[in-house]
Amino acid sequence: MLFFKRQLPLAIAFIFGLIGFLAQYIPHHSFEAVYNELISWVRLLYAFALILGTYSLLRLHFKRIERKTAGYGYSIILWIGFSVTFAIGMYNEGDWFLTGQSRTGMLMWIYDYIFKPAGATMFSVLAFFIASAAYRTFRARTMAAGMLLVAAIIVMIGRIPIGDMISEHIPTMAMWLMEVPNAAVKRGIFLGVALGVVATSLRIIFGIERAYLGGD
Amino acid sequence: MQRETLAKILNLDRRWIFLMVLICAIGARFVDIDMQIFPKKTVKAMYDSIEEVAKNKGTVLLSMDYDPAAKPELEPMSRAILRHCFSKGVKVIGMTHNPHGQRLAQTVLESSAAEFDAKYGEDFALLGYKAGGGTLVINMGQDFRDAFAKDFANTDIRSLPVAKDITSLTDIDYVISVASSGYWEAWMIYGHDRYHFKFGTGVTGVIAPDVFPFIQTGQVTGLIGGLAGAAEYETLIGKPGIATIGMKPQSAVHVLLVLFVLFGNFIFFWDMILKRRQEKAWKR
Amino acid sequence: MVLKSEEIKDLILFLLLVALLVGTNIYLFASGKLEFNWEGIGIMLAAGITVSMYSFLYKDNVLFKTVEHLYVGVAAGYVLSVYWFAIFYADLIEPLFFPPPGESPAWYRLMPMLLGIILLMRVSKRIGWISRISFAFIMGFYSGIAIPNYIQTMIVQQLHYTVRPLFSAGTPFEMGIQIAFLAVIIIYVILDWLWLSALNKAWVNALVLLPFFALLLFGIYGGIAGINQIMVLVGVLSVLVYFFFSVEHKGVIATTSKMGIYFLMVSFGASFGYTIMARMSLLVERLEFLIREWLQLT
Amino acid sequence: MLKTRALALSSLSFLLALLLLPVELSAQEQIGTLTENDSSTQVETEREVIAPPLKSLSAATGLEATDAPDDSGHSVILSWPVIEDESPQQMYVIEAAPDKNGPWRKVVTFKANTSYKADMPQIYGWDKDALINDHAVIVNTAPPTKAFNDLRDKNNYAKQQALKKELESLEGALAELDEQSRETFKPELNELRKQLKEVESEAPIKVARLEFGHNYHFRLYRTEGERPYEMAYVDAIPEGNWFNTNKINNLAIALILCFFIFYYIVRARRNPEDIFIRRIPGLEAVEDAIGRATEMGKPIFFVHGLTDMSHISTVAAVNILGKITERVAEYGTTFKVTNRDPVVLAVSQETVKESYLRAGRPDLYQEDHVFFVSQDQFSYATGVEGMFLREKPASVFYFGYYFAEALLLTETGAHAGAIQIAGTDSYTQLPFFITTCDYTLMGEELYAASAYLSRNPKLLASLKAQDLTKGLMIIFILLGTLLSTLGFDWLVHMMATF
């Protein structure tokens, strides 16, 4: 039993990890064919993982409706939103779901007038919070935070036409801040991050890192 | 001025601040002061690249990898790039890595094409959405037709004149990724560094700083950053669009924000001086 | 149930908002600004969603919670439909069950389908552990791909372009500026290393930092590429040293990592400015939608 | 003693990586070029030439065709010395055919003064001056053949396969027979070939890549207006290569890091104490933040990021959560942990319970203090904000990977008067954390903190290995900059990418 729970997943991670790793160094056409097929497998598994995420969301709200916890009315709205949209998606303007997705129709309407505006508005609410944070919490408490704020102000003014009107040095300074120190720091950070990603990936392939299996 | 009043000023209910931002943004929109916009080097680099593609009648692959949340900042870029391409007769192949992005890509592509009566199939095509990110880019580099056998409306791409003799990403003159998150990196890591096509990107203001190191290395030729970048591109192609109009309220709110930061810190330091003076008084 | 004065005020404001929304829409439809077709209703609905979401800024209320939950539900439904057609149908069902004429069904695609179904088993408590096999495949294969590609772009390419000649060719005067600039930086590091306390005195700092900024500004506006190349080199090295963990930050390492913090802060400040600009443009676009497409008063 | 051994070890492995490189890389001498971007892979190098008298364009002598190295098996390289009377007006044309006298078709055309060996340093090395005297071109598109593997016309495809099979079996049978009887079957053979050609003539033209293992024939000539030209013939078989020599630098780095990780894991397993990790300043702030909360008798919050267990940021966050819970258990302050992902919730509950047990206070553990708020990003943020405003926590910890909602949380936390300590590797949100929190662990400090606190051998080993490789990179940068400033480009070319 332990073999299936522990050894098999680690063996799979090792084998396919090695294939994915070697594929970048072995250009040979036969290895390339295997590699391409595995890539489309991974894409398919992304989709299955999405089903998992949607299922846990819907189950959470279904439980709220069942137990009539406070605010279960909102969960009902969530369920209605999901089922109507998914049903229209599958109806697919009459061609149903065993053909290509139709380019127009009800699903696109839902996308244009519910999905798109709600998503964009949700993010734009952040602009208000930035303003309130700018007034109340962005303080030059330490020397470091002070330098950060000075650089931020130069870039913010340098990026809008008013910056050019005040003096043409501000946009050049803003551009320089982005091109030299910012680029240098990003390169230094990338070198470090890449080592972190490679080290973690190696640990996953060799079965040293098992946290992603979610406990034993 | 006592420290209590300073504290009161600092702890202003944040809803007043929200109101001030709203008034400033709406107000600035209706005041008509003309804004001279000076295009930056990186935006000019993308403009020149498309001009070059136009010169040798090439094809541009525009990957619109963004979703509704980032549409306000990125669609003006896609529209400006598409207007530039269609006005110069450059062939465009559209696609997206983002599951929510297919619809957006479709609307902006069709509306921009209609302005220059570019025909679907001859002048432009839309491959639509496919999952995989970096893996999809590798697939397109190795065998374009295997990655996208059909366009987004399920027609075989070999029947579309604009895409029929593309066998790999290397056959495309200029790849542009207008991206809201890491998609531009997938294009660079798994695409440009392996297949060496010319690569440019348009990103949200949040991501622009991460792209700069790759401009120096020559991996990215041409970058549009945020709404300001889009306004600059609109100025370059001489067609002021949403981005340019948006610059007025954008600038107004920016100035308001800078004032908030300066004012907040000014009071903070004043309060610090008073506090030190009080402590010195207690010590004596 | 007796409402406190605060709640009464909020209730009135809430009803006022609803009345305002309904009233405006009636006016718009009556005056023909919005036609009574799918598009017109759509714009009304989108404007209603936008305004109710902004009502959260005043106070969390019924309207906001309704719209938010509707959004989460619709989003889940929409993404699932797109994934169905773009992946399940295109990459699995079509090649397996409706192969194009002349080609045999892609029987090997049964394997990812099996792995996918095993993945879904995660939901059941009893045999949930079996889903580890699919996770192991995804995590393993993706880790395998990630190693060479991250090394290629984020190490090999970055090292390739960091290892540049330090001085850009130029007139002897420009060469002098570049060498002086490098010398000032090295002096600062040595000074700070030898007499750590000395540098806390303001005049010592001024003595070193003044020429540093003078030469730097001269380099930027004089267009001497070498100055930028020196700054990039110093920036990369100091950030790398800052993220060094296996040695105590003392002596020259402490100085370099202190420089690393200055570089980090300036860089974060710059990207911070950029981020604020991005959020503001999102707000501007939403207001533009309300003004231009809904109320249509340009 | 320990540190010097590690340094000696790393420099040894560094030299090993140097020796690993193929001979031609070390064979090139030093090129004194100080040009800004001399190493972009496909640089067009132009050459000055005098106009020739009008006569037929001579064929290229010494034309060679070899399988292209480091490829999947779909390309061939044609190379030939430059001909004296070349001029920019002339175009080189390469035609290919599937067999000796098969249908010739144009596959590559290019200007006569471009495509030199110098443009392909990955194959011919970096000596530009010498390599300017030879042309070299990669051919990977096959001569467009008429092929039936198109899917629509099934019957033609079947007919073609049947005829081909018959032809092969007949040729096979004839091969054993002696010369004389072979004559009698010749007309039948030709008849079959004619039928096959007829069927194939209706097939649509198909542009594809060169097929591996197939012997292709190439011919090369120059054109300039109506001038006659002679052709040079050559043939080659494209083969798949089992190792991409351009990726040796990439593989060397991967192997070095892998070696260091295993080396330190063995060391860490034996005695974790002797692995030294420097003091992380942010972690002291955690100590007095917990103390402050106990004095004020207010709760402490631990707010998880948005990513799931497969991200290293979340794994590090859970490690840190374990250690913080142990410190909190000693003071007995109420401690709440908010989650956004069901799996992270389960793992966090386990970790918190274990930490309370280890601290000897299992009674303090309350299941509903480690709870799920919401799956959606913004309802998660608004949910947590509500708790901040209601319960007014004294200290709040943010460890993990955050997105745009980070500012909503920290701004409200600061407004509620809490001490806030954050640790994240999400670079776009770091500025917001730095300006709103009292202390922020940046990027890799998050991983170092989790290793420092948990003393987990695999994390310690990995951190040490990364540090050592970082040390090598610093040495490489300093050495490389010094050399390239003096004009030696070896290290720059070592890290060239193709």
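As written, the chains take the letters A, B, C and D, and residue 1 is the first residue of each chain.
Quick note on the criterion: a residue touches a chain if its C-beta (ideal position, glycine included) is under 8 Å from a C-beta of that chain, and two chains touch if they have at least 3 such contacts.
Just so it is clear, the model here is predicted, and its values are computed rather than measured.
Asks: Tell me which chains count as touching both chain A and chain B.
Replies: Intersection of chain A and chain B contact lists gives C, D.
Asks: Check B-D against A-C and say which one is joined by more contacting C-beta pairs.
Replies: A-C
Asks: Can you tell me which chain lies farthest from chain C, using the average of the Cα atoms as each chain's centre?
Replies: D
Asks: Per the centroid of Cα atoms for each chain, what is the distance between chain B and chain D, given in Å?
Replies: The separation of the two C-alpha centroids amounts to 25 Å.
Asks: Counting in whole Å, what is the centre-to-centre distance of chain A and chain C, each centre being its mean C-alpha position?
Replies: 9
Asks: Quick check: how many Å separate the C-alpha centres of chain B and chain C?
Replies: One centre to the other, that is 12 Å.
Asks: Hey, how far is the Cα centre of chain C from the one of chain D, in Å?
Replies: Centres of chain C and chain D (C-alpha means) sit 21 Å apart.
Asks: Out of chain D, which residues touch more than one other chain, so two or more?
Replies: 72, 247, 250-251, 254, 310, 375, 378, 404, 415, 427-428, 431-432, 434-435, 443-444, 470, 473, 497
Asks: Which positions in chain C touch two or more other chains at once?
Replies: 56-57, 68, 72, 78-79, 82-83, 86-87, 90, 135, 139, 145, 147-152, 154-155, 157-160, 162, 232-233, 236-237, 240, 243, 264-265, 267-272, 274-277, 279-280, 282-283, 285-286
Asks: I need the residues of chain A touching at least two other chains; which ones are they?
Replies: Residues 21, 24-25, 32, 40, 42-43, 46-47, 56-57, 99-101, 111-112, 115-120, 122-128, 130, 132, 134, 136, 138-139, 144-145, 148-149, 152-153, 156, 159-160, 178-179, 182-184, 186-187, 189-193, 195, 197-198, 200, 202, 212, 214.
Asks: Pick one for the touching-chains graph, please: line, ring, star, complete, other.
Replies: complete
Asks: In the complex, go through chain A and note every residue touching chain B.
Replies: Contact set of chain A toward chain B: 32, 36, 39-40, 42-43, 46-47, 99-101, 103, 108, 111-112, 115-120, 122-124, 127-128, 130-132, 134-136, 138-140, 149, 152-153, 156-157, 159-162, 164-165, 171, 175, 178-179, 182-184, 186-187, 190.
Asks: Residue numbers of chain B touching chain D in their complex, please.
Replies: 14, 142, 165, 167, 193, 196, 206-207, 210, 218
Asks: Going by the contact rule at the top, pick out the chain D residues touching chain A in the complex.
Replies: For chain D paired with chain A, touching residues are 70-74, 212, 240-244, 247, 250-251, 254, 257-258, 261, 265, 309-310, 312, 315, 318, 342-343, 346-347, 350, 372, 375, 378, 404, 407-408, 410-411, 414-415, 425, 427, 431-432, 434-436, 438, 443-444, 447, 458, 462, 465-466, 469-470, 473.
Asks: Across the complex, what residues on chain D touch chain B?
Replies: Residues 37, 40-42, 72, 141, 207-209, 415, 427-428, 497.
Asks: In the complex formed with chain C, which residues of chain B make contact?
Replies: Contacts found on chain B: 15, 18, 21, 25-26, 29, 69, 71-73, 99-100, 102, 128-131, 134-135, 150, 185, 188-190, 193, 204-206, 208-210, 213, 216-219, 225-228, 242, 245-246, 249-250, 253-254, 257.
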